[in-house]
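The following pair of complexes shares a single chain, subunit A, combined with subunit B in the former and subunit C in the latter.
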Partner chain A sequence: MAVASLLVLAASLLALLTGDNHDHQFHGTIADITVNLGGSPVREHCTTCHTEGGSPTWEGTHWMSASHPDITPHAPERLGCTGCHLGEGMAMDRTFSHGLPGLGGRQVLQGQQVQGRCYVCHELEVLPGAEKAWNGYRLFRQKACYLCHYLNGMPEDSGFGPDLSHVGSQLGLAQLEKAIRDPRAEPDNSTMPRFPLSRNQVRDLTYFLKSRVEAPLFTSPMWVTAGRPAVAVPDVVPEDSSLVAGERLLWQGGCLACHQYKEEDGRIAPDLTRVGKMRDRDYLEGFLEHPSRLIPGAAMPPSLLNAAAKVELVEFLEGSTSEEAHHLEAKEIYMHHCQRCHAANGDGKGLIQANLAQFPRAFLGNDGFFRRVTDSRLRDSLARGISGTSMPPYEHVLSAKSREDLLDLIFQSFIGISRQDKVEETPLPPRPDALPLQRAERLYDRFCAECHGRSGTGKGPEASRDLPRPRNLTNAPFFAAIEDERILRGILNGVSGTAMPAWRGVVSDEEAWALVEKVRRFSGDRP
Partner chain B sequence: MTRRQWLFRAISMPALAVAGAALGGIFAQVWLAAGRFSSRHWSDVTAVDSLPEEGTSAFPGQRVALLCRGEDIGALSLECPHLGCLVNAVDQGFFCPCHGSEFASSGKVLSGPASRDLDWLPVRIQNGRVWIQGSTRLDSPLWVKRG
Partner chain C sequence: MPPSKRHFFSHLHPVMVYRRTLSPSTTLGLGMACLTCLGVLLVTGATLFLYYVPDTAVAYERILHITTTLYFGRLIRNLHFVAANALIVLVFLHMARVFFTAAYKSRSLNWQYGLVLLLLVLFANFTGYVLPWDQVAYWATKVASSLAEYIPFIGNGLRRFLLGGSQVGVETLLRSFAFHAGVIPPLIVVFTGLHLWRIRKDGGLASPPHQLGDKIPVDPWLYRAEASVALLTLALLLFLALGVDAPLFERADPNHPPNPAKAPWYFVGFQELVSYSAFWGGVAVPLFLFIFFVLAPYLDRTASPPGMWFARDRLLLNVFFGALLLSQVGFIIIGQWFRGPNWGLIWPF
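Now for the complex of A and B:
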């Protein structure tokens, strides 16, 4: 912290000494005006150079400036400059007054960018001149940003992601844009998906977010104290008379901002078209309530729909029919059901892979893994899904024959080996009666914690190095469904196609069994 | 003592005393004012009866989680010790949405950029309500008895 502030200080001094050498030495009077903004006096020196409000030029002896564009009904002489344009009004130097480099919280806004300040004074409603910022707010609702990010004044009480109530006071437009365009640039373990937004849409969103400041000028102090100046909530349901009630709920609940339903596609999360056929009612209702209990690490926030709406939504999804009139070829089935996650070329890096809690199994070039997996386990995964992950059961969606065809196709086209081509597994040591649990703790910290993390959530310091990411050992539904021997085999022989190495020879048989026990404790199967 | 010395003392001593008293007064006022704005401000969180026997109840509005262990109640600050984001209470403990720090349900830091545990807050029970001192930080748990 201290080093960072020293660096900022040094950088600003350097900018002062070098950048402004060609700046004219100004020895005239400093203009000093005081305006009243939101009930508090604000002093500014801006009109020293911006004499008429526009961009200034040095006339040899004094500053001249173009006049300020017409902004009726506003009057620049009554509003002052920094209320709309930001910057440091009291600064005596160009670099300081236009905003120091850094997070850009008070960086000067120019031209169109001033839209980012409209909703600091005005309440959130359609406002002539602030169309882009308003569009940003509409996008904030449409893309369901509110499901994760709390904003002062929004009706939703979400607390899943960072609070953005004051983000406009902290970040500049450039930082906001970077954070929206590439959420994982900083920090790299961010769970925020990268939304498919155009450059203009991102810009509109940054204008809106820039207006979310600590003390909005339109509110009375009592509103601020109460923490909730109410805002208008635009309707995001498209005007389409053919929409049934359930479909409206998919829009209202923000589901379609990420998920796909028939033709609508948010391109972030799994397809919901057939989810009512795949998952039962309890699962769907439980998932809406606590997504991370059924799929630990899921990026989906808990649904903010009320209880009755949740029930109605689940009923709608269950009743929703998928019309597959003709028999589909295995190739078509793959493109329909599998490629969204496993990718059209089978390398597992499908459209939505980055937003899933677990990496979808890669098929392409992953023959090492498939040689060691029994055929019955594969059939089972396809028919019943893999609990604790996003892999859904397909037994009610695809016929047994279609599933067999699909497996054949995957082996033929991607894995490149025959389905019967399996390696002989080395026999596993029997479980000893007494386990060296103390030693397992030390071994875990020494060998495993680096990737799987001290808390076992698969987010150790080295976790982001590898794709597939290390297994989340606290994934209770996943581990409840598999037997001890499979965990032991993973530890002793490693897992092909992942970064998990074989520990046979490094740890003894008893130690490996003790580590199995440790995994079971993480996943809550044993106390 | 000469008359000149006596006169000098008679003037300088009271002057010193007045200056000292004025300074003391200013100091006292600053001291008291600082106290008024200090962290020693108790705020009401919830009724004791509304808390479960066992488990964690998060109050993000007040930036605090109340931990119940049978008869004992403790208060854990929900501010991440890294950069002050509000952490989420999850099944396994606490998770910071900003940079991914993880904490056990006892507030112990497990991973992430946070370098220390979640802070404990002073807590007390009065007339069946739980009160916390929002901005005082304790580094060891403070448990109070229900009722």
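Now for the complex of A and C:
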């Protein structure tokens, strides 16, 4: 008992000496101020250490601090600290008060980072001192972020991507920067492309986004409900007198934030220079309206242009003539038309591959696939495109001879086999009259759902393991264009160059046919 | 005993106890350690009560205020945290001690009081978990309350009752506080009183007749033993509170769940089980554990006298009980340290 008592005594003494976690002797009192921000009281202890508003130092027996820089017409004593600098005003511990690590919603802002808070109080307009944040807003418009992301007060609401109206309350600058620079880090199934932005551009964007908060201080709840304050929309069309109306629409519609048109290149999405010649008017109009109906899984949001503008844009694209000045060699054709997706070295990992719904077919080291595909199918794919994917038809853009040359080149340079070098395929079993459909359901869940997903969208739990990704079985336009036999061949023999194994021997012939039927049910249409 | 030496504690104790009662190996002092934790919790809780505001808008700031501004605020909060977690561990150890010594034989009522206390302690801990209103507290409460949904028939209603709606929100915080600070502490005090009173009614600690030995006066011997355990526990809690900071994360953000979101550690074992099978982890295992604990004194038909550690004829029961507890500990360890994003297995070192 004596030992225990001594221990308690020791612990209590230790607690008395060290348990009080801050130095009250430095100042005697805790600075406790309350300011009125946007109609609600905010209580702060910041000036306990930041006595004069600047960064604090311990000198001799006193906390000293540099004075706050002049911010006229603002007055620090009326605004308080956390309104601009964020942080946890009630904490007096350095770690707590400057914001705990994590999402960084309240992480303290220093120096020019404070720009991230200007538009919490001010309406969006050119503002001295907030140039970087304003530039961030211009970038937001220029890079057509609004096509996917909604912001409170913006005229457009596409509902395509996450709403960013309150993102500044939730994330810190570092987290915002990470989300823009590497959108697929978290979550890994994000469809947001990685935009080619400089470090400074990303920083400006984060300053702007940091100002999108839950309760902007200049608004009343009624303003917010009424959609006010509507923000000024800066014109992103470059001041170039040679721009024709249609070209202006490409800018205004945000197309060029991702797509290429002649010299302008967003480096995210396919080239639109000759799209008017490749695709017909219905396709283009339909695509602007609902991109994912024609290319399921496409990352492109529906266009926000009004109906008349859409018609004008399609007319412009159709009429846009861009004849090649001279006959191009196959190599030039490949670099002009193919390498953006299929890559200059033919491995399929081209500039925009990551943003496409389907992985472009790899040529390099993929001879197993090309040995099993008939030459007529290859010619057909090149001439008429592959529906349900981003592969466009080239018959109106390239002459028959150019297309042949191109195929020869691809075989010669990348695939490394002769075009006639094909393997003999085992003949396919005939379709039986009665299909074991119930068994096929079970087989699908057991063998296929892991990659293709239970609902057939190609997003099963193992889907992200392989590139090319598993086929989206609900891709109606793709499956409408191919015969049952090709699906059956894929199931029985597998698909070389992809993760799809051969199921011959695992499933019987009737079961394979029943699985074809299952795929048809996913995709809806039969040819 | 002269009248002058009578005092409050004399009500709770007999005049004489068997010498065996004082031996540390009889009870390991676990009951007294629990009682000390409870005392610490009541005192520190009453202190925190003065400064805390159960409102989502200010709760987090009040915790910051308590932790960083108040004199000894951090120590008080740490003590409350350490004692609360120690209590959970000690309560289970205490229960294991009672089971392994079969001390519940012919004292089944007190075993049931103990079970009520166990549930109350878990509930108190759970309702206290959300009060700081930080990310981890918010999401742990969300996860744990959705575990409650697996309970058949009453699950959904229970969840709505705990949350005060369908979401963790303002009402959840308010009623968690009401339970945590208003309802549960008096209940725990009442049941602790009953629990202690029953020991005396049942004739002191359970003991095999041949080991009783001679009697010695409670004053000073039992008081000294109890005070030793209490002081040791208190010292340990104080040292821990000086070294271990009660966790505090960022403000709760209902839009950004951490990945993975985990229940409070004592429920993580069930969360781990639910990740294998919702039925087994969410319904069968907890229900079985509960029924087994309630019925244990009635199911135990062994002939050995109560109060003996690991009686030979109870081998099977003891192994079974030990396996139950250890498997829960195992699942908690896996769930707490070996589960990463999307509840995938990770190597924590």
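FYI, the second predicted complex is superposed on the first by the 492 of 527 C-alpha atoms of A that agree within 3 Å, B and C clash if a C-alpha of one lies under 4 Å from a C-alpha of the other, contacts with A are read in each partner's own complex, and residues count from 1 in each chain.
The definition used in the following text is that a contact is a pair of C-beta atoms (placed from the backbone, for glycine too) under 8 Å apart; a residue touches a chain by one contact, two chains touch by 3 or more.
Remember, it's a predicted structure, so these values are computed and weren't measured experimentally.
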Examine A:Lys459 and indicate which partner it touches, taking first as subunit B and second as subunit C; both and neither are also allowed. first
When both complexes are superposed, which of subunit B and subunit C contacts more residues belonging to subunit A? C
Who does A:Met335 touch here: subunit B (first), subunit C (second), both, or neither? neither
On the A-aligned overlay, A:Ala66 touches which partner chain: subunit B = first, subunit C = second, or both, or neither? neither
Quick one: classify A:Ala215 as touching subunit B (first), subunit C (second), both or neither. neither
Per the contact definition in the header, classify A:Arg293: touching subunit B only (first), subunit C only (second), both, or neither. first
Touch test for A:Met92: subunit B only (first), subunit C only (second), both, or neither? second
Between subunit B (first) and subunit C (second), which, if any, makes contact with A:Val233: first, second, both or neither? neither
On the A-aligned overlay, A:Thr474 touches which partner chain: subunit B = first, subunit C = second, or both, or neither? first
Considering the complex alone, what residue numbers of subunit A touch subunit B? 148, 159-163, 187, 189-191, 227, 290, 292-293, 453-455, 457, 459-461, 474
Within their complex, state which residues of subunit C touch subunit A. 61-62, 64-65, 67-69, 71-75, 135, 224-225, 227-229, 231-232, 234-235, 238-239, 241-242, 248-251, 253, 255-256, 259
Under the stated contact criterion, what part of subunit B meets subunit A in this complex? 60-61, 85-86, 88, 90-93, 97-100, 102, 104, 110-113
Within their complex, subunit A touches subunit C through residues 1, 4-5, 7-8, 10-12, 14-15, 18-22, 24, 30, 43, 45, 88-93, 96-97, 99-106, 166, 170-171, 186
